[in-house]
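You will see chain A twice below: alongside chain B first, and alongside chain C after that.
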Partner chain A sequence: MLSLYVPGDSFVHRAPAAAKLAILVICGAALFVVSGIPVHAAELALLAGLFHAARLPWRDTFRQLRTALIFLVPIFLFHVFVTDWTLGLETVLRILVLLLLAVLVTLTTRTTDMIDVLEAAVRPLRHVGVNPSKTGMMLSMVIRFIPMMMREAQEVLEAQRARGLDRNAIALLMPLLIKTLKMADDLSEAIEARGYDPEPVVPVWRRKG
Partner chain B sequence: MTTRDMVFVALFAALTAACAVFPPFQAPLVPAPIIVQNIGVMLAGSILGARRGALSLLLFVALVAAGLPLLTGWKGGFGAILGPTGGFILSWIPAAFVVGWLVERYWRRLNFWNLLLFNVIGGVIVVYVIGIPWLAQVAGMELGKAVAGSAIFIPGDVVKAVVAAAVAMIVKRSYPLIRA
Partner chain C sequence: MIQVSDVSHRFGEREVLKDINLSVRERRVGVIGANGSGKSTFARLLNGLLIPDSGAVTVDGLDTREDAKAVRRRVGFVFQNPDNQIVFPVVEEDIAFGLKNLKLPKREIARKVDTVLAEYGLTHLRDRAAHLLSGGEKQLLAISAVLVMEPRYVVLDEPMTLLDLRNKKLILDTIRTIGQPVVLVTHDLDHLRDFERVIVFDGGRVVADGPPRDAIRHYTRAMA
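And then the complex of A and B:
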């Protein structure tokens, strides 16, 4: 399945997705307010404990951090040469804490649970004209379409490679787009044929005024 | 919004994700490798228009945040959004909107050259205006250094704007989805 989730039954895994996301958002903001090398060192120790409790494989954690780590080296060097190394260490530790926390949440929470949280978060927006059920429907559709589109993209790539055109962006994108546009009509007909109504009838007892 | 609109929004979000399959390009006179993925931003804006295009990228970013490994190199998760390059990813939503808005406004007079200009305004300028200060803030860099560090990607993004404009013009002629 297309997901970064690493199954487990630790208390980190079992914590509700909404709580984990809320902690992540609050900590993300707090890290910029309360900052200091000893504070971040303590946070890193706490995170190490949580990673240990969640029994996450090092490989999965490292794979998510790799690109960011490449960024951290020049950021640190920049501070060493331009400002001073303590500020560099503080900045790098702050980013590391934030990223590790985010990776922890991502690896221990099922994608479906995350999407449920997203749907719930959208619900208050119905007053400004956002339809939560449509949002949920579209999120589910994207998840269903992604493997399909990746297969199509892979097919186009292989076909154009056989013609020696795999380094030509237009030769890759144009067929993929045409496939996409053709699919859209079939898919929307298929969805409506199965009884999906984008404007559901509101029952009398739920109508306002 | 009709079922067909919803399908288009979902399909373009999936298309942006599927572009991660294409390997990065190396173009002459362009120092950094060109990652195909953010061409999806320009395409969604110029083919679907402002509202549907932005919604499509909003779904994409929401799913990345929810932990799907959809970014080039199979990365994803909240870390990708909050990290130093997160601003570039978040900027895709307003970028698609700006491209779409300009395309809708000039729909009747649209040609390759003004579409190229719109792609550069939305898909390049908006992206860097949001992404660079974010990078500077998260990394604690001076703005000037962040600009210098990001500048090597600009030529590649202009190449993408050219490709997106060429492709979107063909779609406009054969399968227009914006009636304005």
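And then the complex of A and C:
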């Protein structure tokens, strides 16, 4: 599910990451102000156009949405039974528009570009000691290592099942913890070996002069 | 030239390297020895990842104690486990990482990344998620990510140990094409037959050092 970027050359792909993220945030907020089923239907049509222009494979798009779609069903049903179905439809459309917009941005924007934007966005926080470059690095590594950790967990589980062990949190966490520590150790050396050298960040209250 | 002078190192009680004195001038140097004989510790000294307890390591005259950063730029390092040295989620991002650390302009980074991707046959994988590559492709990525920084020397610590036969060969063939002087740590004698020099470690000491034939004879006898 991670590393979602689908390479392409459409204008959606080429649009600056900062603009796309800004639009996502602004539209996300605006969505809860505008109302009306026709309005949301129109937004949906517009989004369909953008997906088409970006030539995104339906399969990738659907895979991103699958889990979320499952939640839309109970939300809709809740409204049908508790309020009325039009409100349900509107809510569901609204969430769908937001989801599709988020998926569009993630599928057409490189992780590095998004992280660069994030780094720029947290830059003002350096006065209170937040290191933008380290923040970006951390985010990249999380994205890089989540799939790996999931695979490791899977392997540990399988090894234990092979030995006839039942599911057991400690038996899972211990080997995983050891592997993670080893990995973190290796990784910090690898990062050092490639010359990582972030500028130090000093919060205002520690600055002199 | 990499110069190792009177180096000893211990981890806690355990003396892992003892009185190492040697210099590396050859284009192809192999390092071999049993597990735990100190090969990795030795390799990590060469680019300042590890500073010895006593003695000195210099690279082209730069002392790792004083100029660790400059030394690391000169000496590229490839680790055993490719999974634990790929930092970024996407292939081309990972290759760009070291170049960003060198503070190169974006354009130049892009150009160098393109060149190295093409050189190592990774162009078709540039947008791929690193965690989905095969073991051999991952190690190829790790090597490319080091070579793109144009180090003067390249140290590789058992880069083939975790790979299957076919990928071992791929990586070995790739190492043959490296233009810089190479120090290759391995425990497979076959990898070193065409090397100029092989250093044999045993219990933290250098027990043989010379052309592969002599060193290999020594090593085979010791392992018997």
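Please note the rule applied: the second predicted complex is superposed on the first by the 157 of 209 C-alpha atoms of A that agree within 3 Å, B and C clash if a C-alpha of one lies under 4 Å from a C-alpha of the other, contacts with A are read in each partner's own complex, and residues count from 1 in each chain.
Going forward, a residue touches a chain if its C-beta (ideal position, glycine included) is under 8 Å from a C-beta of that chain, and two chains touch if they have at least 3 such contacts.
This structure is a prediction, so every number in the text was calculated from the model and none was measured.
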item: First, second, both or neither for A:53, with chain B first and chain C second; value: neither
item: Touched partner set for A:111, first chain B, second chain C, both or neither; value: both
item: Partner chain in contact with A:187 - chain B first, chain C second, else both or neither; value: both
item: Contacts of A:23 with chain B and chain C, given as first, second, both or neither; value: neither
item: Superposition-derived comparison: chain B or chain C, residues of chain A touched; value: B
item: Chain B versus chain C as contact partner of A:5, first or second or both or neither; value: both
item: Touched partner set for A:141, first chain B, second chain C, both or neither; value: both
item: Chain B versus chain C as contact partner of A:195, first or second or both or neither; value: second
item: Where chain A meets both chain C and chain B, residue numbers; value: 2-3, 5, 111, 141, 143, 148, 183, 187, 191-192, 196
item: Chain A to chain B touching residues, read off their complex; value: 2-5, 21, 24, 28, 63-65, 67-68, 71, 74-75, 78-79, 82, 87, 91, 95, 98-99, 102-103, 105-107, 109, 111, 114-115, 117-118, 131, 134, 137-139, 141-143, 145-146, 148-150, 152-154, 157, 167, 169-170, 172-174, 176-177, 180-181, 183-185, 187-188, 191-192, 196, 198
item: Touch list for chain C against partner chain A, complex; value: 44, 47, 49, 69, 72-73, 76-77, 79, 81, 83-90, 93, 96-98, 101-102, 127, 129-131, 145-146, 149
item: Of all residues in chain B, those that touch chain A in their complex; value: 1-4, 6-15, 17-22, 25, 36, 39, 43, 47, 55, 59-60, 62-63, 65-70, 73-85, 138-142, 145, 149, 160, 163, 166-167, 170-171, 175, 177
item: Residues of chain A that touch chain C when the two form their complex; value: 2-3, 5, 7, 110-112, 140-141, 143-144, 147-148, 151, 182-183, 186-187, 189-197
